Each structure stands twice: as structure tokens, then as C-alpha cells.
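By letter and in written order, the chains are A, B, C and D; residue numbering begins at 1 in each of them.
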Amino acid sequence: MVGLSLGEKHFIQGGIAQDIRSDGRKRLTYRPINVETGVIPQANGSARIRMGATDVISTVKAELGKPISLQPDKGKVSIYVDCSPTAAPMFEGRGGEELSTELSVALQRSLLGGKSGAGAGIDLSSLVVVEGKICWDLYIDCLVVCSDGNLLDALGAAIKAALSNTGIPRVQVAAGASGDEQPEVDISDEEFLQFDTSDIPVIVTLTKVGRHYIVDATTEEESQMSSAISISVNRKGHICGLNKRGGAGLDPSIVLDMISVAKHVSEQLMNKLDSEIAAAEAGEDES
Amino acid sequence: MEFVSPEGLRLDGRRPMEMRQIRAEIGAVAKADGSAVFEMGNTKVIAAVYGPREVQNRSQQINDQALVRCDYSMANFSTGDRMRKPKGDRRSTEISLVIRQTMEACILTHLMPRSQIDIFVQVLQADGGTRSACINAATLALADAGIPMRDLVTSCSSGYLNSTPLLDLNYVEDSAGGPDVTVGFLPKLDKVTLLQMDSKLPIDIFEKVMQLAIEGCKAIANYIREIMLENTKQLEYRRGI
Amino acid sequence: MAGKPGTTPTTYSPSPTTQKTRRPIFNENDVDWVRPDGRGFHQCRPAFFRTGAVNAASGSAYAEFGNTKVIVSVFGPRESKKAMMYSDIGRLNCSVSYTTFATPVRGQGSEHKDFSSMLHKSLEGAIILETFPKTTVDVFALVLESGGSDLPVVISCASLALADAGILMHDLVASVSLSCLGKNLVIDPILEEESYQDGALLITCMPSRYEVTQLTVTGEWSTPKINEGMQLCLDACSKLAKIMRSCLKEATSTSQE
Amino acid sequence: MGLPDAPGDLSSEVDVDAFRRLFPLRFYERHLTESIRPDGRPLGRARDTTIALGAVASAEGSALAKIGSTTMLAAIKMEVMTPSMDSPDEGCIAIDFHMPPICSPIVRPGRPAEIAPVVSKQLSDTYFKALTSYMCCCSSGMINLKELSLVSGKAAWMAYLDIYCLDADGALFDAALLSAVAAFSHLQIPAVSLNDDGKIVVVSEENGGKLEKDAVNKERMKLTLKSIPFSLTCVLHKNYILADPTAEEESIMETVVTVVLDSSSQLVSLYKPGGPVLAYTSAIQDCVALTRQRMKELQKILDEANSGMEVD
């Protein structure tokens, strides 16, 4: 998809080696991040993130559902990613399906933790209304509007922003509904309970080009990647998900080194994101 | 269900002749050759244009004019209830065809033979009148991509409920089962390129409703021309002329 | 005829095993917990490999880890599909599928749609693609029975099948997965342990080159725990590689007689 | 295919494999004249056959059948269904034949091989012919659907029989039928009982003692199999009949005849899908004779496998 001549390839690799990338950034600096929340009023929560030219929208919709029998005390969260053809002509029709599944699985792995629900960024037990009978099902839908590299980080940040913008309606359960048939429920549409997004992890992708690795790579830089590691780190510094892409093998010591660098970078990104989200929320209340 | 209150106000407080609030923004997708976002009330659509570029499969190549292709798709979160419709369902194929034919009529395709122009339209939020919003967004995106066109194509829908013609129906009025007229209009040449209507309507009332829709299209055309003028000033300023 | 169902009526599986596996509660100092099949925490299931399972294929292998049974066959290098563009390096095409009876409840195999791309990523680093330009090597895997940690078994078996097909590779690829249950790390988990694991770590590596080609982690891990987990898996991978090499040597020796 | 005889002398220097690839038909005819086949078998003999029962633990009944290098894995999973109105006390069987991409180079993932539906249609015909079309005299009919009923009108067994071809080297139908028959002979219907909310649940060993409402069938039951169908595929070429062809032989000589007899040697079905060679009655009779002889071998192999099963 990216037609680069040999000269351009050497230019990019040489630039990274000397810590000056083609758009002037250092190896570990991000492109300008712009966050807008509440872009889709019909959804319970939505956000649009622009990282340089990469532009993604993510929305959260809550619907009432029944918890699975194995975990009656937990709600359900499912994440879907859709690559819109506006991002690239090849995503037309079923073209973008493979990338979408790959991104959805990577996001699910980083944000939803293990099968037993432990270590999930989203506190599933706060989604239960009546244990074993009714719970909230969160559908997180993301749309890639324009893709210029580093999609996974942008989507992770967009989901974090969307969740902080989400309002789950308060639910009153009609008392006296015994037995196992569904108790009737009325949903009030005034007060909403906010979501605590403090321990939702942030995804940092380190792309290895030549002997160095960079953050927030553009499509051209990604085409030069030998291998890439996406690590999602939460506020406590624990690693909630790790996913190695790209072909070339990596020495385990390099993997550990990359993990420590990612943890360091994720703190800066986490603070930057929180400030941007707070600004967007404030901005949204005025307008 | 009473759509027009005795004082003449509609459900969302508009007058029968009043359009929803319009907002347009050019250049929303950086990587596309031309792109635009168009909002009519709650309906929000983003369009991107790639081209004129090399034709993907030789078999479709036309040697005396450009091949225009269009792809309409709705985001999962665009409608109220979360729908998981597969990509190629009938409704989106029909709308893709309508948009392609409308835009093909106004693009000067003979100037770009053996090339291909891709128009991709993505509905972010659907609240009635998606078809018209898509055509307006596509026009803006084509203009942003610098593709020669006979004239801008603007589109608007109008209906007839409680025996009063209503301009620019939203989702509730649209799904009320009344007639729904969608008009695609070339403002400078004063010609109608697209006319779609479903369910029954007597001829004279139809005349009034269509005329109302054409007025709507003219208003949109003025707004679009304003936006493009402002955008060109922006480009001029950036180029420092 | 009653036998031929027009529309297959909806059926449900009577076996209770799927509904009732309650999750044993792990408190911090839970030392006396024993694994359902009695293995030690750091002990893998006995591994059985055999190459040449399908002789319609240019290379194939059968692997059996406890209840997990997998067959992989390799075709190629052969000319790639018409639609493909010209490429001066070879192309790898992987596909993993489950039999309908592999999982305890019918039809759960379709949940693993991403296994094919994971297999592709693991093998991409090991195969020397430049040796068969313009052509494609197809790697197809079928899981006959799903007994837990199916993907690592598929990856190891696929690398054996590639070796059997004579595809040039930097090194064999071995893969092991690890579950985190409360505090203790349990290697090569079976289906039941996987269903209530807190976290999982999957590593695919080239043992003799000591390089990691694929690494996936889910659940919450602190860095020291990841380090310990990776070390455990890498040792298991090197042991597994020895078994795989001996299987290949046997195959060549028997075919020479 | 009229092959030019001019380069007759050429074949002497050309090495055998090249000759086999370049002129396959002439290579085979050279063998047929001495009534021997390239892999050393006489024309009438089938390849060696083995059956392994209980190959898959997660299915109630399973079997792996190998005829030469053609390998088939059949497995049956039992699920509960509400029987249809017109046959309240009968269960039913859903047969499906899969050709996964691993079994032969022709099969690509996504696009099913065109032979797969053909074989699965043939299989279900053979089964249902054997099962039900003789309902009137119900003499043959390998499985009596009534045995699959649980609670008349309310619950009955639905047996999902899935056959996977693991290695395709000719005579797919024979191996598939053999593996399916073996799977049925190995099938053990789990003991089930009706629990309180009307659902059928397997009586698991631990709480086997405490019997719920009415244990529908106490112990693990096996299906009684009457007249078991066996099949043999032959290839006709000029006036030769080759039993149990390999994939190569099938691709060169396209006329295939499949004869299915049941254990009381009644003709269940005969299947000849076209092909250039016209089969006169004499050729058909020879095929039936070959099949009768082959049936005894298969019967012996199946009984050995079953007896092996009873021991452990």
C-alpha cells in the first residue's frame, strides 16, 4: 500500500538512527493529540481522537442483558473495530475485515484481562444490576476514519476517553420480583452514574526499525518496521496486555528492555491523555 | 400521532418550512484527496474522495471517461439500537447506486479518461435524511479534491404529514409512513438530477412538496458556496498570497 | 422420511460439564492446590509428535499433547492465487480450523478466528522467505480435539510440518503457554484451567537462536512476574525443541531403511 | 486418448518417474497387461485397512478408518431435540462430510471441494436408504430411529455424525462409510435423566446415586446395529476392473462404480456417475462379487476392533 522508493526507505531508517524522524520528532515523542468527547450524542458515551493524521471515533452503548452463567456477578463488555473505507480505498467492502478482527482481538486482550475477568481495566462487577439475572452489556464500537499508523494506541486512547464520557442510567428494580423470571426494571434517564476510568490501561506501541525503536510510528515508518510490541500499562505500572507483531525474532532481553521503556513512556502519555480528556469534557459542557 | 401542532410547530420545535441546523467542514480526512463532514441536525456523514487514480481491475476501465465508484456504509453505532448488519446489505447497495449516478451526472468524466474516482461515504449518525446528507458531503469532498464538475449537487428531502408539506424530515417524521420526497438539484443550471418519492401523493400537492424541497436545496447550495469560499480564503492565507 | 430433518431443530447439549465448572477460589497462600490432572505447576503434558501423517501433502505432522490433538499439512511452495501481486519474496498463507466435535459443546471452534493470523505471525520470522520468490507456502491446521492451549500445539506442529516439507527455516519454532491462577504460574494449561485463568502468557521462540517470534500476554502482570513467566516458557520451549528434533531424526532414519 | 506410438522406443531410456508423469495411461496399461498395479497389488485386491475406535474423547462415539493412505475420522455427538409432530417417538441423525484443506492440495480454505457435497449426499442416501426406506419390511435399516427416542413427543436424541477426511488418496466413499459404521458401533449413549426444569441432563457419576425425577435410561446404552452396509469402489478401464483405486488411478481412469451391500449381502445401492467406459451387466456382476468378498474382510476387521473395545 505504501509505495516507497529505496532512497526514501534509507532516509527514514537513517533519520531514526540519528533520533530525528522525517517529521522532526524525536524517537519517543508523540504527534499532537486532539480529543473531542460527546461527538455521537445518541450513544451513552463517545470520543474522537486525532493523533497527527490518524483519526478514530469510539462509542460506548449500554444495553440490559443477562450475565453468563459462569460469572453471574459480572457484566459483559465486547469490543468491535470497523475500518471505514474513508481511511483507505482497500478497506472497501470486506477489505478491512482482517485488520479489524486483529485490532479487536488486540484491544480485547489489553482491556478485558484474563477469562476470569481479573485484571480487567473496566470493573465488570460494577455493571451488575441483579446478580445472575440482569446486568449491563457494554458494546464498544470503534471506527477508523483515517489511518496514518499507530492505530492501536489511538483506539486504546479513544476507548479510555469514550468510557470517561459514558453515563450509565440509574436502574430501579421493582421489588418483589422473586424466582428466576426477569424482574421488571425502569431506567431513569436523568441521573447517570459516571464510570471510573482511573485504572483503564493505556496502550503504547514500540516499533523497531533497524536497531532502535520508536513510538507513534506513521504508516511510512510502520512499513519499515522489523517488529513491534504493543504494551498496555495501567496507572499502577502493571502490564495488562502485550502483543508482539511483525516478523523478525527478538532477543528476550530486548523484549524486557522495551517493556521498561514502554512503562516510562506510558506515564507521560497517561497524564497527557487525562489532561486532554478533562479539557474536552470541560469544553463539551460549555458548548 | 400529531406531527404539526395547531400553532404550526413540529415535534422538534421547527416550523414546517424550516430546515435543521446545517454544519459542514472541509478536509476532515487528511490522507484522502478530498474529504468533508456534513451535518443536518443529528444526521452526521463523512465523505472521502480518492482519485482520479489508476483503475484497479482493467476489465472495468472505460477509455473515453472516468469510472466513478461509490461505497455507502453505516457505522455500527449510527442508529439508535446497535445493529450488526453485514456490509453488503440491499439498502446500502441501493443508496450507493443512487449517489454514484447522481454524482456521475455532474462530474465532467470525459476530462479524465481511463481513470477511476472513488467516493466513500460513512454515516456516523443517522437521524433521517441520510441520503441527502451523503450527497451534500460527496459534493463538498469532490470540490475539495479539485475534480471538475458541471455544478454543485445539493440534496434535500421533504414530506407531507397532517396535510402540511414539511421540509427536511428527521427520523421520527420519516418513519411515520407519510410520503418522502428526496430531490438532487443543480442550483446554477436550475435542473433536478435526482427525484425519489415513495407512497401516494396527489399531483398538485406533489408539486408543492417538490418545490419546497428545491427551495431547501438552494438554501443548502448558498451555505455550501459560503463554506467553500471561506475554505479557499484559508488556503490562500496558508499559501501566503 | 423422519430421518432427514428439513430444518435442523435446535438442540442443546445435555452434558453438564460446561455449565458447572465453578472457579476454585485462590487465596494468596494457596499452596496445596493440585492441578486437575495431577501435574506439577511447572510440568508440561507428555508431547507426542509424528511427521508424514498426510501423504497427500508435501509435508505434514500430527501432534498430541494430552487431550489436544492437531494435524497440520503444508502444501507448496506453489504458485499463488491469480489476484496476488508480484512479490520478490515468498508468501505464507496460514489457516487454522476446528472440527465440529473438537470442543465439548458443538461449534465453539469458531471463537478462535484470530488463530490463523497468530500462526502466520509466529512462523513468519522463522521461514527464509527469499528462497521461494513469487510462490506461496500454504500451512493448514485442523484441531481434532481441543484439550487446552491449542494454539501453542498448532504452532509447534506447524513448524515440524514445514521441516517435513523441506522448507528452509532459520530454526524450528517451539511454543508454550502459561496460565496465571492467583499467585502461581501454571504451564501448559488444560481446557478447564484455561476457563478460569486470571491471566495468560504465550511465547513462541526459536530455541537455538534464542529469539522470541511471538509473545502475547493477557491479564494483569507485574514486570518481575512477566520475567519469571518468560523464563519458565523459554526453558520449556528448549525442552520441547529437543523432542521435536528427535522426532525429525527418527523420521529421516526410518525413511532411509 | 490416442497416444502417438511413434516415440515407443523413447520410453526405454526415459527414467520411470518421468515416464509415469508424461504418459500416465500408457504406464498403467503396461502394468495392466501383466494384471499387476504399480503398488504391487493384483487388480482385485483392496489396500490394507485398519480401524481405531475411540479416537476423539470429546465425542460420544468416534472412529478412525484407514484404507491404504486414505484416512477418515468420524465422530458422533449426541444432543437432545424435541421430535417433530409426525414422528413423535423417533430421534434423527444429521450426517455431514467435510473435506478440510489439510487433506489434499486441491482443497483451498473457504471454497469447499466440489467432491465434498457429492460424497456427503451419497453417504446420507446410503444411510437413509439403509435406515428408513426399508421401513415397511424394516428388515435391513442399520439403525432403528426409535431407539433414539427419550420421552415420546417431548425429547429425543439428535446424533450429529461428522466425518472429516484427513488424507484423500482415492475411494473416499468406502473409507467414509467404514469410519461412520465403526463410529456407530463404538457409540455409547450417555445415561440421562429429566431434571426439575424439564431439561435432559447427563447423570454424572458422582451424583449417580441420587436419582432425579425419572432416570430415562440408567446405564450407558449401545445402539443395536442390524444389517451393516459395506461398500467397495471399483474403476473400469477397457475390460479391466481395479478394486479400491488410489487417487492417481481415479484421476487417470474416470469410470468409477461403487457397490454397497449390507451384512445380509443384499444390494443397498449401486452408484456409477458417468465415465467413458460403458458398464455391461457382466462387469457389474464382477464388481458385486468383488464387493461380496471385500465385505467379509471388512466384517472381520470391524469385529476385531469391536472385540478389542469390549476387552478394555
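Brief remarks on what is shown
Simple rule for what comes next: a contact is a pair of C-beta atoms (placed from the backbone, for glycine too) under 8 Å apart; a residue touches a chain by one contact, two chains touch by 3 or more.
Values in this document were obtained by computation on a predicted structure and should not be read as measured data.
Relative to the C-alpha centre of chain B, the farthest chain centre belongs to D. Centrality annotation: C (chain centre taken as mean Cα position, compared with the mean over all protein Cα atoms). Chain C has its Cα centroid 50 Å from the Cα centroid of chain B. Each chain gets one centre point, the mean of its Cα atoms, and the points for chain A and chain C are 27 Å apart. Taking each chain's centre as the mean of its C-alpha atoms, chain B lies 60 Å from chain D.
Shown here, the protein chains touch in a chain-like sequence that does not close on itself.
Going by the touch rule set out above, the chain pairs that meet are A-B, A-C, C-D.
Within the complex formed with chain C, the chain D residues making contact are 55-59, 62, 69, 71, 73, 75-82, 84, 86-87, 90, 92-94, 96, 98, 100-105, 109, 124, 127-128, 131-133, 145, 158, 160, 162, 164, 166-169, 190, 192, 199-202, 204, 247.
Against chain C, in their complex, chain A makes its touches with residues 69-70, 98, 101-102, 105, 109-110, 112-116, 118-119, 227, 229, 234, 237-252, 255-256, 259-260, 263.
Across the complex, chain C meets chain A through its residues 19, 21, 23, 113-114, 117, 121, 124-126, 170, 180, 194-200, 205-206, 209-223, 226-227, 230, 234. Chain B contributes residues 28-32, 35, 42, 44, 46-48, 50, 71, 73, 75-77, 80, 82, 87-88, 118, 120-122, 124-125, 127 to its touches with chain A in the complex. Those residues of chain C whose C-beta lies close enough to touch chain D in the complex are 1-5, 8-17, 53-57, 60, 67, 69, 71-73, 75, 78, 95, 97, 99-104, 106, 138, 140-142, 144-147.
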